[in-house]
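Per-chain residue numbering starts at 1, and chain names A, B, C, D, E, F and G are given in the order in which the chains are listed.
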Amino acid sequence: MKFKPLHDRVVVEPLEQEEKSSGGIIIPDTAKEKPMQGKVIAVGSGSRGDDGKVVALDVKKNDKVLYGKWSGTEVKIDGKTLLIMRESDIMGILQ
Amino acid sequence: MKFKPLHDRVVVEPLEQEEKSSGGIIIPDTAKEKPMQGKVIAVGSGSRGDDGKVVALDVKKNDKVLYGKWSGTEVKIDGKTLLIMRESDIMGILQ
Amino acid sequence: MKFKPLHDRVVVEPLEQEEKSSGGIIIPDTAKEKPMQGKVIAVGSGSRGDDGKVVALDVKKNDKVLYGKWSGTEVKIDGKTLLIMRESDIMGILQ
Amino acid sequence: MKFKPLHDRVVVEPLEQEEKSSGGIIIPDTAKEKPMQGKVIAVGSGSRGDDGKVVALDVKKNDKVLYGKWSGTEVKIDGKTLLIMRESDIMGILQ
Amino acid sequence: MKFKPLHDRVVVEPLEQEEKSSGGIIIPDTAKEKPMQGKVIAVGSGSRGDDGKVVALDVKKNDKVLYGKWSGTEVKIDGKTLLIMRESDIMGILQ
Amino acid sequence: MKFKPLHDRVVVEPLEQEEKSSGGIIIPDTAKEKPMQGKVIAVGSGSRGDDGKVVALDVKKNDKVLYGKWSGTEVKIDGKTLLIMRESDIMGILQ
Amino acid sequence: MKFKPLHDRVVVEPLEQEEKSSGGIIIPDTAKEKPMQGKVIAVGSGSRGDDGKVVALDVKKNDKVLYGKWSGTEVKIDGKTLLIMRESDIMGILQ
């Protein structure tokens, strides 16, 4: 990986959404804001509080995450389409 | 449960609203913002203050809660329609 | 009472407004924002500051309070129409 | 007095404005925001900072104050028309 | 002086603007926001931080100050037209 | 100099922009927001934090600075057209 | 370099975008907000917290960075077209 996100930013690789699966997560078409699945590729060193202390992020490399459909900025790194977003755009971690 | 919400997020399973009951909670149709009942399925590790300290949430797994009708993002996990919302969207706990 | 409000929320039972009384509180029809009287039925554990410390509320169960006409969310609990509002929606306590 | 304002709220009794006086305060009709005179009837216990500490108010009962014309919420207590406002709506104290 | 401004408020007496002067301050008619000159008549005890500590003001009685044309609220005290404004409306002190 | 700016304000004397120079700074006409050059004539004592502590400014008298075209309020002091602006309107110092 | 940015500002020299490259970063034309590549030429001394403490920036001189297309203010210094932006406009560092 050749990109280090700043502060509380995270690089996410979007995953193919399986429309139908028995035990996985399905996002209904009728959902108000359709969340997306992705894999975390790189994380920033942490957000900085008012006093300058760095707070490490909760998501880690390789975490499978859910995020809002319109989150982040699209870039292409090494041929892959990736998203740079803030950790607060991530709703949770799939385990 | 295969989903861990981040920070102050909570996963809620919406409950069937009983339109009429003698001793339970009934939300009148005329209510300005119709609150909904649900069961907490998973909670995040807590919100983070300016100084990075994590503050655990007040709702716990299996709590029956009231929340605003338009709160949260709908997802389908293991065949169930669930809502990911912030703890601040929850008005209180039914006991 | 079967409902525990979260954080700085308060459950208030609206009281019948007496339109005319010699020594009580009368809210004139011409008032810009017509305040209402109610009785506090349940209070949350307190608001939480930036550092996560809980600050207990100033209103207590059974306090008779004044609140703005459009405050809160209406629910029906045990057959009574109640309001869930934040403590900051309450203007003061009638003694 | 039968009403205790919450936090940083203050109860003010509006005073008759004397349109003309030699040594008093006259608010010109052309003033952009016409300030009003009133007498403080009751004060809250103080505003609360982020850390929950209560900071006592600077105005006291019986202070004669200037406030903005559109400040506060009108109520009638014991037959008197009074205003419930925040201390920050008060511009200063007449001595 | 019969008026004590609250907190960070200041009472300013507007000064006659001399349209032309060799060594003084002239505010050009073409100025985007025309600043005004005035004399400080009374100052509040200071602004209050989040923790309730009072911070004394930097302007003092009798300071000649520059302020924005639309700053403050006009009142008439003892026959003089004065302005009540916040210290932050004052740009600086003429020496 | 007869003017002491308050807090984080700075007095800047605009400099003639040289449209063309080999080694200097040229601001292209096509720039979205055209920055201007000026010389610092006077600085305030510093900005004040929430706790009332004064933080001295980073620009000093005689610094040559870049600032946004629409920054500040124009005044004429001792025959010179000057600008009163906040330090945050200044982008940097030319050395 | 003849320009020292103030506080959390950074001077960035935009780099030629290679439209196609096998291992580099390509920003697709369809990207919602097209990020740009650039080289850091100078950095400010750091952002200042509420308490006045300076927090050094995370980007350094010569870092290759990604930033949003509309970030910053364009200036010409020593014949080069440069951008003055805040560190928060920078998404991450290319390594």
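In this section, a contact is a pair of C-beta atoms (placed from the backbone, for glycine too) under 8 Å apart; a residue touches a chain by one contact, two chains touch by 3 or more.
These numbers were taken from a predicted model, which means no experiment stands behind them.
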Chain-centre distance (mean CA atoms) for subunit A and subunit E, in whole Å, is 52
At what distance in angstrom does the C-alpha mean of subunit G lie from that of subunit A?
23
Mind checking the centre-to-centre distance between subunit B and subunit D? Centres are C-alpha means, answer in whole Å.
41
Two or more other chains in contact with one residue: find those residues in subunit D.
50-51
Given which chains touch which, is the overall layout a line, a ring, a star, complete, or other?
ring
From subunit A, heading first to subunit G, list each chain in turn around the ring.
A, G, F, E, D, C, B
Once bound in the complex, which stretches of subunit E touch subunit F?
22-28, 30-33, 35, 47, 49-51, 53, 55, 58-59, 66, 68, 87-88, 90-95
Mind pulling up the subunit G residues that touch subunit F in the complex?
2-7, 9, 11, 44-45, 48, 50-52, 73-79, 81, 84
